[in-house]
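One chain, subunit A, links the two complexes that follow: it is found with subunit B in the first and with subunit C in the second.
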Partner chain A sequence: MNLMLIQTIINGFLVSSVYLIVTLGLSLVLSIMRIVNFAHGEFVMIGAYITYWFYTLFKINPYISLFLCFIILFIIGLFVYKVGINKILDEPSLNQVLLTFGFSILFQNLALILWTANAYSLPLKSNPIKLGTIFLSRERLNIFIIGLIITLLINYILNHTNFGKTLLAISQNKKAALLVGINVTNYYLLSFGIASGLAGLAGGLVSFVMYASPFIGVKLGLRAFTIIVLAGLGNINMTIVASLILGLSEAMISIYLPQGSGWAEGLSFLLILSVLAIKPSGIKGLRTE
Partner chain B sequence: MNKRTLTYIWLLTFILLFLIPTVLKNLYIIYLMNGVMIYISLTLAFSILAKTGQVSIGQAAFFGAGAYAAAIVNKYIGFNPLLEFIFAAFICLIFSLIIGSITLRLKGIYFSIATLSFAQTLLVIANMERKILGGATGISVRPFFNNNIYYNYYFSIILCLVILIASYIINNLKLGYASVVIRNDERLARSIGINPVKYKILAFLISAVLTGIIGSYYIHYVTFIIPDEIFSTNISVSILAMAIFGGINTVEGPFLGAFILKIIEELLRLNIKYGHLIIYGLILIISILYIPEGIINVKYFSLKKKRRQ
Partner chain C sequence: MNFKKFIYLTLIIIISFSTSILSCKKQSVTEQEPIKIGAVIPLSGGAFAQAGQEQRYGLIMAEREINEKGGILGRRLELIIEDDQCKSETGIAAATKLVTQDKVVALIGGYSSTITFAQMNAIASYEPIVVWMGASSVKVEHEFGPKEWFFHLHPWDYHRQKTVVEFLDSINPKPKTIALTYEDGIYGTTSAEYFRKYVEGKFEIVFDEPHKSGSSDFTSLLTKAKAKNPDIFYSVSYAGDYLIQIKQSKDIEFKPKAFVIVAPLFPGYKDSLGKDGDYVVGVNPWAPNLKIEGLSDWLDKFHKLFPEKQEIEYWVPLGYSNLMCIADAINRAKSLDKDKIIKALKDTDLMTPFGRLKFEPSEEGGLHQAFTNLVMVQWQNLEPVVVFPKEVAGGEFIYPIP
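Showing the complex of A and B:
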């Protein structure tokens, strides 16, 4: 097989773990609270900036920053929930979209004001691992492993702990959950915080292999939506498969098509539209009223 | 406020708008007001769709598509405003028909995601395609009225007036009443024989076509397309915020919202180099949380009281 092809497949494979973590947080909020958080991508963006600035200003190891990203974005998430999300839970989806989109614009422009439109990348310079004639970037490998660990951890928490089972109960039937004495508000708050924290952590990982800029939020957010549309809700295995599909096909397009990295941006839209055209009833868990 | 007073207010408003160039000889203000009129038109066009409860967060897609349609006609066939408008309308009709018929049957959120992603996609295509669309450098277009800002301004006012009247007419047609019912309760709409999908698609088509036509006029005003500007998220965002801030369930609301916010944006733009659009994020959040019906429905503006909803 062609060497470049193998290299491309490996790169796409490794990057899709970032997409996966971005999507996990979004999917968590969506399946539990039935809210699409358009600001999720901006949380990722903030995470990327945190890692960059902590490294540049205080020489903090980016891998340690990942924890800080989670904690800081957890707090920002709680704040956003308390200020806004909390008040529109029962309102029409129009208002929910507009509110979270408002937060997205707010954070994006805040980043523009603070750090201008420039892209900052971490000056990580580790030697790639050589496997025969194939090169493996150490950072990509690391983010893949971290992504894998986090996915397994979330899967375990959701399926094997009391906390996860409670969340499942709420997502299946909110009223019934209230009736058996579950404090739904607290669980909402906590899961929104965790989802935001995950976004921050994903942002930290993004800064390893990409860069921090005010506009990466939109890009990654859109990819996460695509993965959710492809995979449906509440099924981690399908989410993994969908992330792989998106990551691999983007890597392929950007290598094999002329000016491919540009065209790869359009792939998300094509996927969204064709999935919706093929499955007009909507994806499980998000069916039309 | 009754119908007659409202008519007088509109007459007065438009007379004042027409008089601005003769009273104020300040070129900067004319340019600013031209921008305001264009944004009012865009916001009114957006509101036709928003009345059904659907949010398109990629209106820039149709604005840009219209602009490119006009530029292509201008490039290959020659300067022909009528043909350009028709072609722009046609392109936007096709695009909105495809997106609408696929996503408007589903929950509103799919539509929002699809429109957002559509705008991003068109931006990529416009930046990449060199032969026809000119790539990142764009296409230049012959200006209307020899680039005379006064005539451009008058044309903008007339365009705005046409869309305003169209909005009132639509409000009094079945589409207008159906939109209100669909936004409030889709199940109710179905039970009284309104087909929500049909009216949502219809509203989307009208809104997209009008936005496209505005885009094809706009490109003759700026005379040059830059893909990153014409498909910018900023356009979609500002239209959204203007409509919501004003109050989408009226016609007066979006007009007022666009008028106020565009001027505020301009003042901010002069003072903040990057990120002056933060105002739209704030306005969206505050509007949704505290004045979801828009400023037009705040007590001082008792316009809505006697209007049928």
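Showing the complex of A and C:
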């Protein structure tokens, strides 16, 4: 295998970890509450700003800021749920889309007023790991490891704890869950908070390798939607596979197609269209009504 | 009536007349309708908003200064700023509203070439006076440059690319190979077209690929460019993309002899990149340390007015010069008559913090082009140093990157 191919595969793996971590929270909300949160990318954006400002103003280690990102976004998530999401849970999906899209615009413009439209990035000195002529970005490798740990943790919580099993039960049949006395509203509130916290954490990680700007969430959000469509509803393991498919395909197309970088960006749209046309339930997703 | 009475009466009449005349005059200054100028700039909705917010600082400073000095033609200047939200459709609506509803005397502002193209098409039938600071694509020049009512401040694409190529040509030892990447919008593609044209026969382009602005990852693009081992890496894109490209080039130890970008003096560059940002060189129409008459006083005034804004991009003095230019023309025209203002604009010779502002025909058909000169600025020890042309350089170009 030539060195270029190995470097490309590594690039693909590392970028897929960024996509995975951004997608987790969105996937959780969609699986459990059946709500497409269009403001998810903006939660990621806020996380990126939190890490940047804590580092710039108080010199807080960005890895420690990740916990703060989770907590702050968890609280913001609870607030958003209480003032908005809670009221449209049983409304038609168009209302849900409009509400979350409204929150997305609100957060973008708040960020614009508070922090201007400048792009800010953490001034972390590049220190790649060298394996002969192959290079691995240390930050991306850390994101990859953290992303994997969090995904496995969520998977464990969902499948092996009472809390997780209850969430799965609610996602499978909300009425039955209500009938057996589960307080669905509280579980919804908690899962929306956790999903928002995960988005914040993802934003913190994204700030290591990208930058904080009011519009950073838009493109990352698109990748997250592609992965969810590809993975199918309610399947965290498949989210890992779908992230890898997207990350690796983008890297391969960028390198091996003429003018590939432009084509790689269009891949998300192509995948969404193809999956919806050929297998709307995704690779191995649940079929829902 | 005796003489004493006559004198008193005359005095009373004179005083009451002059008071009424003065009050009339005072009334005309304060209560007359303000003169409206409309500006459309990107303030939200996308990456361009960063430049739009810079432009706003310059516009607001100019508006304050003009009104503090008595306005235009003795009337208050009312600057109406509209946000195009980085979208053509919003930009069209904003420009049309300013021209048809607000009935502004002139339209100023602008950033994106794509949005400008759409806006000018929409308002062309009204033939308003347009003094545009944005849009560098020659497509805009071809279409609207020949219009009598269209005045343009920002250098066109080819001015920029010509400067880059002249600069590369001046490097000793002369580089041989170039890797070129550009954002795939109208700005990037036309810049690349001119760059290819000017380097023909001088340098070999070994890598030539577009990219999407706003991408989260450029590692693959940079890996591909690195494989070609170019002397020069040249990227035509936007601030956020440069941050990632510069960082990721370090991650894969891609070390061309020079890393060239467009407009390298954007806010946050130093804080975001630290030492990784050193030695990057870029083409810019302005630098705060250029020897321009009155620039240092203007900068002092700006920092006093906006103490929170320490780093400024060239859009701030350009925005300021944009409003100053039209105000100056109206004052010289001594009228709001369109033809008279256009004539005054043609005769403009104004010293601005951006340089001397005079409108002259440009190479690709534009009738009124203000600025054409650019400089190359290199980040050295986290400070921007003008390195080209030699006549205005503040330091030597460090090449190759140590």
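As a working rule, the second predicted complex is superposed on the first by the 267 of 289 C-alpha atoms of A that agree within 3 Å, B and C clash if a C-alpha of one lies under 4 Å from a C-alpha of the other, contacts with A are read in each partner's own complex, and residues count from 1 in each chain.
To be clear about the criterion, a contact is a pair of C-beta atoms (placed from the backbone, for glycine too) under 8 Å apart; a residue touches a chain by one contact, two chains touch by 3 or more.
Owing to the predicted nature of the structure, the values given are computational and were not obtained by experimental measurement.
On the shared subunit subunit A, the superposed partners subunit B and subunit C overlap sterically.
Looking at the shared chain after the overlay, A:Val36 reaches subunit B, while subunit C stays out of its contact range. By the document's definition of touching, both partners, subunit B and subunit C, reach A:Gln259. In the superposition on chain A, A:Arg140 makes contact with subunit C only, while subunit B stays out of contact range.
Contacts of A:Val229 after superposition: subunit B is touched, whereas subunit C is not reached.
Judged by the touch definition given at the top, the superposed model places A:Ser104 against subunit B, while subunit C stays out of reach. By the touch criterion defined above, A:Ser126 reaches subunit C but does not reach subunit B. By the touch criterion defined above, A:Leu112 reaches both subunit B and subunit C. Applying the stated contact rule after C-alpha superposition, one finds that A:Leu273 touches subunit B and leaves subunit C untouched. Annotation: subunit A residues 108-109, 112, 116-117, 214, 218, 259, 262, 265 touch subunit B in one complex and subunit C in the other.
Across the interface of their complex, subunit C is touched by residues 4, 7-8, 11-12, 14-15, 18, 56, 108-109, 112, 116-123, 125-126, 128, 130, 135, 137, 139-140, 206, 209-211, 213-216, 218-220, 223, 250-251, 254-255, 259-262, 264-265 of subunit A. Residue ranges of subunit A in contact with subunit B, taken from their complex: 36, 38, 84, 87-88, 91-95, 97-99, 101-113, 116-117, 214, 218, 222, 225-226, 229, 259, 262-263, 265-266, 268-270, 272-273, 276-277, 280, 282, 286-289. Remark: subunit C residues 43-50, 52-53, 181, 184, 209-212, 214-221, 223-224, 227, 239-240, 243-244, 247-248, 250-253, 266-268, 271-276 touch subunit A in the complex. Subunit B contributes residues 50, 53-55, 57, 98-99, 102-103, 105-110, 112-114, 116-118, 120-121, 124-125, 127-128, 183, 186-187, 233, 237, 240-241, 244, 272, 274-278, 280-285, 287-289, 292 to its touches with subunit A in the complex.
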